[in-house]
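Pasting the structures here.
Common to both upcoming complexes is chain A, partnered first by chain B, then by chain C.
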Partner chain A sequence: MRNTIAMLAVAGVVCTLATPLLAATPQEDQADFQAYFKARFPNVPEQEFGNGSYAIDPIGRENWEAIEEFPPYETSIDNGHEMWDTPFANGKTYQDCFPDGPAVENQYPRWDKDRGMVVTLPLAINECREANGEEPLPYLKGDIAELLAYMTFESRGQVTNVEIPDDDPRALEAYEKGKQVWFARRGQFNFSCASCHAANSGTTLRTEILSPGYGHTTHFPVYRSKWGEMGTLHRRYSGCFKQVRAKPYEPQGEEFRDLEYFMTYMNNGLELNGPGARK
Partner chain B sequence: MRTRIRQTGALAATAAALITLSTPITWADMPEMELNGNAEAGKEIAMDRSKGNCIACHLIVGGESPGAIGPALIAIAPRFQTKEAVAKQVWDATVRNPEAVMPPFGKHEILTEQEFKDVVEYVWSL
Partner chain C sequence: MTIRRFSAGALTAFMLVTAPMTATWAAHRTDAEAAIAEAKAVNAKAAAAGADVTESTRLIEQALELMTSRQFTKAIESADQAKKEDDYALSQAAKGAEGKVAAELDKEDDAAKVLADDAIAAASAAREKAASVGGEWRDTGGLIKEAEAAVKSGEFDKAIKLATKAKHQGELGYAQAMAEADADFPSYMRPKQ
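For the complex of A and B:
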């Protein structure tokens, strides 16, 4: 008995040591990830994955299309536009921080080599504000979601194109950390993101259809009927964590930024179609 | 006897942990308990969103709007043979299948011991 266990242990260590050598590159992960969902939902045209469960649920889609006729996020786009145009107390504007204008969503999240971290668009917005002597905005909802709604709307039609530069191993590390957050089981309910949004995507939790993980990042911020208002991607992350009875990470903290980096990279090639409306 | 089982268990757990360093193997055994719950009370827990919420993932005859993530809860006795086997599944489904997504209702104390016994009694009756 002891011998067998010792052998098992040795074999285990050998396997474990060998694993890093066999680890997939981000490119391979991305190909596997996208192929998985395309095989699981063979009738869904690729760009439709950006519409979440409405790509696979005809009844939900009908309601959603009706909602989209008078989009509940429209006021937020207008408010966000006004924020964009309104100078800070020092006379500068967001345009001074984002010289390419508001349509820059496809530039985020991106790896900042100087700081060795993932920079998301909401983070860049708050850093712009602080650099100009303004208070940072809370990250989950409110003003930041409205400004994001405007910038995202202006970015519609751009294509997700996250880069993981190979000249900085820390970028790969951040990607791997984000991947770990997506696949690790957590909380009292012991779910990972993948538990619901990969192997069980398309099935039903009660009457709710679980959306495929492919496409999740294309349409944020969203107006969610359940919230009755706009919310950011990290607000949705927090909600998911609470639903599985796990303590959410800090919005725009390292873990959620890395998760966004991984998830958005998985969606490379999908059109940006935010802001969105969701149930 | 009990001690020997525990030791073997611990050794096996160590070996398993070495094999899959990244996937934590659970080894919180179901404690010995008398499975004498109340099926009626268990049914309420099974349908209650904040408690067992079995209906969220499993078809249960007579339950409204069941989910479809897990298998239908029918013909339980012939499939599981013993009530204890059902209890172990509800306690922590990842023991039998590490990929199972079912929350470990016993091991993570999602249900109290009485609620757990009641649910087991109900599921066993299906």
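For the complex of A and C:
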């Protein structure tokens, strides 16, 4: 009897220790994620996933294409261009921080091994400003969304290519944390991101068609008619959290940056097509 | 045609009766101005009676600020809250002048206030516990603020109800976050083996 109990205890410990080894790798996650949406929407060409619900809603698409003839984000691109060209008080410009810029969106989000954290493009912009003696910009809307609009516009056609380096387990940890945020139910309505954008993608929430989660990160910042202005990806995250009655995390805080890392990695292979226009 | 005419007439009559009852009609500039004027009058009385009117004055200023952006309903809410707080402060001041009977009433109020403060403290603790694991809900903090405002205006039962609701939300948010700590791909997103 004692031997049996001891064997069961040992088996339990072994199973617990082995669980991480049995967990799916990011590559496997990505393949399953993309395959799920391709199977759910078999008639949608892969690159069309970057267009969100307009890839699956013909009427919405017609309206959206009409809007895109005179894009509401055009002024923001111009304003962002001006910001890019305007020197800081010390005479330097954004170009000094982003030597490959302005078309650098495909380099973000990226794992910063030295600091052990995910760096997103908006975070890098504000770090650039602070390094040059300027005030950081608020992360949800306004100037940062306009500068991002310009940089994103210049990056159109680049391909999403987020890397999770094998030589730093903290990168995998950040990816796993971001994955947990996407799949965890939260808020008074007990919804996860996946509840709407995986399990119910393509169905309607009141009058709105829920977009597939595959492709979500390709087109930000966006001009949303609801906002009447540009907004960043983390502004949209905050909005989604509030809609399910959860308190949002801080924009550009660790949780949302990890979430962006996971989501963008899931979209590897999709073309960047921002800035976008959405309802 | 007769039916259509009748339906249109009935609908118009229905609208004329019910529309003025709805909240949309309460949000006019004149209503908001009246609410602010009333709040200011009580605020002046409370200040003259030596009551602490810092918070109610802030609320009145907030109401005036909201007027500039035509948020009349919110302005009315702020003005009403300021008036409630000043009314309560005035009633407390009046009791102080009435002697022994007032002192007995004060004891009842004090006991109710202690209960409300305890309920708010418990709600704040539950909210913080939920926040510590990323499980705070959207409205919990707002409910606690409303409860605190209710205490300031002497509405202790209302404060206790709000705080109890907030505490419940905090507890549920914590439990939810713990249950979801290992959230991962659901089986429907994995290929069938």
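Heads up, the rule we're going with is that the second predicted complex is superposed on the first by the 260 of 279 C-alpha atoms of A that agree within 3 Å, B and C clash if a C-alpha of one lies under 4 Å from a C-alpha of the other, contacts with A are read in each partner's own complex, and residues count from 1 in each chain.
Everything below uses one rule, namely that a contact is a pair of C-beta atoms (placed from the backbone, for glycine too) under 8 Å apart; a residue touches a chain by one contact, two chains touch by 3 or more.
Everything quoted here is computed from the prediction, not taken from an experiment.
Enquirer: Tell me which partner A:Phe33 touches in the superposition: chain B (first), chain C (second), both or neither.
Expert: In the superposition, A:Phe33 contacts chain C only.
Enquirer: Of the two partner chains, chain B (first) and chain C (second), which one does A:Leu205 touch, if any: first, second, both, or neither?
Expert: A:Leu205 contacts chain B only, not chain C.
Enquirer: Taking the superposition as given, does A:Pro71 touch the first partner, chain B, the second, chain C, both, or neither?
Expert: neither
Enquirer: Taking the superposition as given, does A:Phe191 touch the first partner, chain B, the second, chain C, both, or neither?
Expert: Touch partner of A:Phe191: chain B, not chain C.
Enquirer: If you stack the two complexes on chain A, which partner ends up touching A:Pro136: first (chain B), second (chain C), both, or neither?
Expert: So A:Pro136 meets neither chain B nor chain C here.
Enquirer: Kindly classify A:Gly239 by the partners it touches after superposition: chain B alone (first), chain C alone (second), both, or neither?
Expert: neither
Enquirer: I'd like to check the shared interface: which positions of chain A are touched by both chain B and chain C across the two complexes?
Expert: 188, 190, 199
Enquirer: Show me the residue ranges of chain A that touch chain B in the complex, using the header's touch definition.
Expert: Interface residues on the chain A side: 1-2, 5, 8-9, 11-13, 15-16, 188-191, 195-196, 199-200, 203-208, 210.
Enquirer: Under the definition above, what is the set of chain C residues touching chain A in their complex?
Expert: Residues 131, 134-141, 169, 176-177, 180-186, 188-191.
Enquirer: Going by the contact rule set out above, which residues of chain A touch chain C in the complex?
Expert: Listed in rising order, the residues of chain A that touch chain C are 23-24, 29, 32-33, 35-36, 179-180, 183-188, 190, 192, 194, 198-199, 241-242, 245-247, 249, 255.
Enquirer: Which residues of chain B touch chain A once you look at their complex with the stated criterion?
Expert: 8, 11-12, 14-16, 18-21, 55-57, 65-69, 94, 99, 101, 103-104, 108-110
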